Amino acid sequence: MILFLKKNTSDTQVENLVKWFDDMGIESHLSKGKFQTVLGLVGDTSAVDISLIEGLEIVETVKRIQEPFKNSNRKFHPDDTVVNVGDAKIGGKFFQIIAGPCSVESEEQICSIAKQVKEAGATLLRGGAFKPRTSPYAFQGLRAEGIELLLKAKQHTGLPIVTEIMDLSHLDLFADVDVIQVGARNMQNFELLKQLGKTDKPILLKRGLASTLEELLMSAEYIMAGGNENVILCERGIRTFETYTRNTLDISAIPLLKELSHLPIIVDPSHATGLSKLVRPLSLASVAGGADGLIIEVHNNPQCALCDGPQSITPEAFGDVVSEISPFLKLLGKEGLGGLV
Amino acid sequence: MILFLKKNTSDTQVENLVKWFDDMGIESHLSKGKFQTVLGLVGDTSAVDISLIEGLEIVETVKRIQEPFKNSNRKFHPDDTVVNVGDAKIGGKFFQIIAGPCSVESEEQICSIAKQVKEAGATLLRGGAFKPRTSPYAFQGLRAEGIELLLKAKQHTGLPIVTEIMDLSHLDLFADVDVIQVGARNMQNFELLKQLGKTDKPILLKRGLASTLEELLMSAEYIMAGGNENVILCERGIRTFETYTRNTLDISAIPLLKELSHLPIIVDPSHATGLSKLVRPLSLASVAGGADGLIIEVHNNPQCALCDGPQSITPEAFGDVVSEISPFLKLLGKEGLGGLV
Amino acid sequence: MILFLKKNTSDTQVENLVKWFDDMGIESHLSKGKFQTVLGLVGDTSAVDISLIEGLEIVETVKRIQEPFKNSNRKFHPDDTVVNVGDAKIGGKFFQIIAGPCSVESEEQICSIAKQVKEAGATLLRGGAFKPRTSPYAFQGLRAEGIELLLKAKQHTGLPIVTEIMDLSHLDLFADVDVIQVGARNMQNFELLKQLGKTDKPILLKRGLASTLEELLMSAEYIMAGGNENVILCERGIRTFETYTRNTLDISAIPLLKELSHLPIIVDPSHATGLSKLVRPLSLASVAGGADGLIIEVHNNPQCALCDGPQSITPEAFGDVVSEISPFLKLLGKEGLGGLV
Amino acid sequence: MILFLKKNTSDTQVENLVKWFDDMGIESHLSKGKFQTVLGLVGDTSAVDISLIEGLEIVETVKRIQEPFKNSNRKFHPDDTVVNVGDAKIGGKFFQIIAGPCSVESEEQICSIAKQVKEAGATLLRGGAFKPRTSPYAFQGLRAEGIELLLKAKQHTGLPIVTEIMDLSHLDLFADVDVIQVGARNMQNFELLKQLGKTDKPILLKRGLASTLEELLMSAEYIMAGGNENVILCERGIRTFETYTRNTLDISAIPLLKELSHLPIIVDPSHATGLSKLVRPLSLASVAGGADGLIIEVHNNPQCALCDGPQSITPEAFGDVVSEISPFLKLLGKEGLGGLV
């Protein structure tokens, strides 16, 4: 971190500042240039509050040299992280698709979809048990029962399951869940992230609607700082002024996150726009843009999904998407989808 | 709710749809116009998932006639809600200021600031015990100890205290807190909102960084649906493309929320932009725009605040702000600030 | 257009409204339902000002049934428009790349780049003569001389040229230019669009930084209403809160515009983020997402470009991008790039 | 401007860089610190392209020390600029209101409104002659005839007139117009700004929908660089994700622009949200926030305005707004409104 001091800063003020850092255990190095007095902070400054420093009266501005994320930073971990979920590997050269309905509704429904998406190439099953809904009057998911039904579908198909946690108090219910999803609205639920960092389960961390890439990586950092390095990042659209789509898929997030971090990054083309007709082109674009996987909403009867109907495609349409992306994946040297590519 | 059906919809399809609503206990009323067949849903449709209906193949589009919020809706509750916190009344003709430091740091610090802001006109004391920080390496607040120190400051000054909850598991620690704050990042932490709805404590609900006004009111609805009607809304800036300020204060939110809802609405001019120099003009503008109160960060030594330094003003500057807004409040016929106006 | 009238509307008021529309030559059709009185406007309502109607006291809300764009609307023109520029066809199954430097700097520079990008597969040459710069003190382009130099490069290579117009008064200088570009800042310069509608030149219309897709199509409508149907749409990134990238590429715009309109749509991966390292992945993603072409900044010496340096790639890097996208284009059944695919 | 060089930069590379700046006539000063080699550029660097410098391979990042705007910068012109329009002074301690209809429709209409708004306290008359409309099929204004009608209204009332220019080619028609307005869509129409800089007329420059404050000041700079210092800035709402309002009024823009620049800043509460019911509270808030004036749409029959109906208030409602803001203006020590305050 480099501090630019204001022109009229006195020597005493500079000395006090240096001492203040010293007291915090931070070494600093002064350089008086013709135009600017500059103070460089040495060592690990990730705990230093940049906005506090900026607030000091003698400081004109502050420049961070290091990114504030460490565990998730590619600089300190050049190789791609590959997250293993059962037989499915995500990251590096491995590409997987997580598919399933928005909400788990019944044993028949979830088992039937699980079977169909597996046949089409999905290697993980998703399904909502706890559902974050804008309205308190809307269906809130089958909750604990939903997780049990997902586990039955896992028994039948062998597919590892991915489902969303909404509150720390439910964590015990997720003991047999393979991947715990943290939804966009909880991306900065820091107490939740801290506790998930103490588990050894893969965490699917969705980007918040108005979160920057740096904030996403800082949230990954909360999990990793606790010792859990199995974090899968997920781009799912950000909020913009455009109204044709519910959100705007930030396709640049894929290559940028790949550069900044070693963590796998998958894309949710269903929630990214809220329009099922866009799932196919956005899946293709995400694959071409370098994604390590997709998470797609599939429903056997899109008209009867208990929630988020318009974003779901049928198992047949899902099969078509897999068929279309497969040759792209081969061109890009990716493997996965249960051996399909 | 009114459904516009597609032109080529057959009579059988319409009958099936009517029956489907019937099965859900929703009465519908068909109107075949020259240009459009329209189906009106009667009664309480707040539990109907509009996006599901929109996803039906025979539906062209759906128009909601009623707002989806009920308890917070001014239509069903024309009079302003006045929330009582100790002797302080917020809402209607009553205006209050909540002031205090970003973080509670020590007994001396919090008691000293409490005394000073009370003298200047603040009628509630704020202070962060649990601090949501973007970085896991940054200071996370004194947590339980912070609440104890706030309670000591309350003992000394008589000021009711306002502090933020970050997780349901901490709820017991808030037994003696007067107003529980739900931060912007937790505005859609629905499990937390549900539980807070079962308490009888006033809840200060901050608008999320990328949340619409309707979403804010739906979150208030989560709390009120549980039986707790003491909700204070708080506008604190939204995320936009502008980079001079951390966020953009949405001043229109004040009159719009006043029209849509009977709940009191206060403004946080400190977090709205992250620049302490803007606290004064934004406080004046918020008062003139019709706010029922302000929540302002005040620190006895802005340079040493352990977090969010740049947004804090000194007790002296705070006193000046109160002096400046007082004649405005009188012009607007507002009372409060411990009898100051 | 359908008008929902307020509940307490009197018969006289409805009659007056019907008469008012009648005077404007618009036929209307009344339908009194149990819940809502609805007035449907018949025929071409594209000249009706929806916001004016919404402002009428007896009108609750208005719903547009037809999109406000006509000439650009796929509903009235189901087949893809193919725009011909010299030998290059853009749209339908034809894919082309427009490449060249941000600014034309000298004859040697532009001719050398033109030769190199042609060899690599570009079929049109771009180069800035008139440069819209945020600062009046920055290099404003070679202007008229720049167009002359582009024409020389065209002579040498046979590549049709694409360059931006900044003001109507320069139109005469564009007599020999093959494609006139309207930049993002001028997307709603309606007087300019009207005049371009009277020419027969292909127009490359860039989406404004904060323009919705509907606004982009309405601007195309300005050109087409004048008789010029050769409009090529261009997605080039929108302004959002993310700060890692200058803008956010809205990849969904490609399939959405393809559905709404028959016009070709190309992508500018250089300006979309302002980071040359992202040109490659975003080009791949755009191709996979269904784009009809790309416009890429290429500079023989990226470090010396007189403007917008960071978004430019070298001719070698450009050649690599073409090589990488070619097999994708073949998979998608696209032709173009001078026979390369 | 300060350049941070990358760690592995060789001495030869640094020498070449210094020489390159030297060739451009820019003096530089090298400072090798323990952590960073820093190059400071001396003198006027406003013509230096920061993005070009950032693109150089040996440069890690660049920090601008000076703001890129000069003529509009308060640092070089500490006193408030007061723009004189006839008898009306805008800026400093002087506050004025510009009022009038969206579009000029007829002599009777504009003269009648002019009379009414003058009586209520307006000191300038606005009215649209050339109207930028999203749709080519919507009413485009009376154009030249509209300006003539405005001049008649000026004759009758003595009010100076403000109207929008849409294209340079119309400039001659504005010979007798008192204040030329540049609309939000033309804020970066640089050729237009340059020519307006050569006139001596006051220019009302509206902020673009997605323009930062710095960009607004750079556009003012285009005008001022030509010699015309009579620029009035106007905040009129920015585009955000919120959908209740057409745009979001950025109230912080007022105090921030006052700090950065000496130019007067007025607010357009009508276009800021598109809701006439918000004109009153946003006018109050803008006054309290420090604005030097307001521009308000007033229509004698809001239901018949040929465009932008919902944003207009009646002359009576306008009178009420003036009555309400007057005591606020007195509190703030402002003068104006034809002696009303």
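Note that the chains take the letters A, B, C and D in the order they are written out, and that residue 1 is the start of every chain.
By our rule, contacts are C-beta pairs under 8 Å (C-beta built on N, C-alpha and C of every residue); 3 or more make two chains touch, one makes a residue touch a chain.
These numbers were taken from a predicted model, which means no experiment stands behind them.
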{"item": "Per Cα centroids, the chain farthest from subunit A", "value": "D"}
{"item": "B-C or C-D, whichever has more C-beta pairs in contact", "value": "C-D"}
{"item": "Centroid spacing, where centroids are CA-atom means, of subunit B and subunit C in whole angstrom", "value": "40"}
{"item": "Length of the line joining the C-alpha centres of subunit C and subunit D, rounded to whole Å", "value": "27"}
{"item": "Where subunit A touches two or more other chains at once, by residue number", "value": "210, 239-241, 243"}
{"item": "In the complex, subunit D residues that touch subunit A", "value": "2, 4, 29, 31, 33-36, 38, 40, 42, 61, 63, 65, 210, 239-241, 243"}
{"item": "In the complex, subunit D residues that touch subunit C", "value": "46-47, 49, 51-57, 68, 132-140, 166-170, 185-186, 188-194, 208-210, 215, 218, 221-222, 225, 239, 274, 276, 302-303, 305-310, 312"}
{"item": "For the subunit C and subunit A complex, residues of the former touching the latter", "value": "210, 212-214, 238, 240-245, 248-252, 254-256, 259, 272-273, 277-278, 281-282, 284-290, 327-328, 331"}
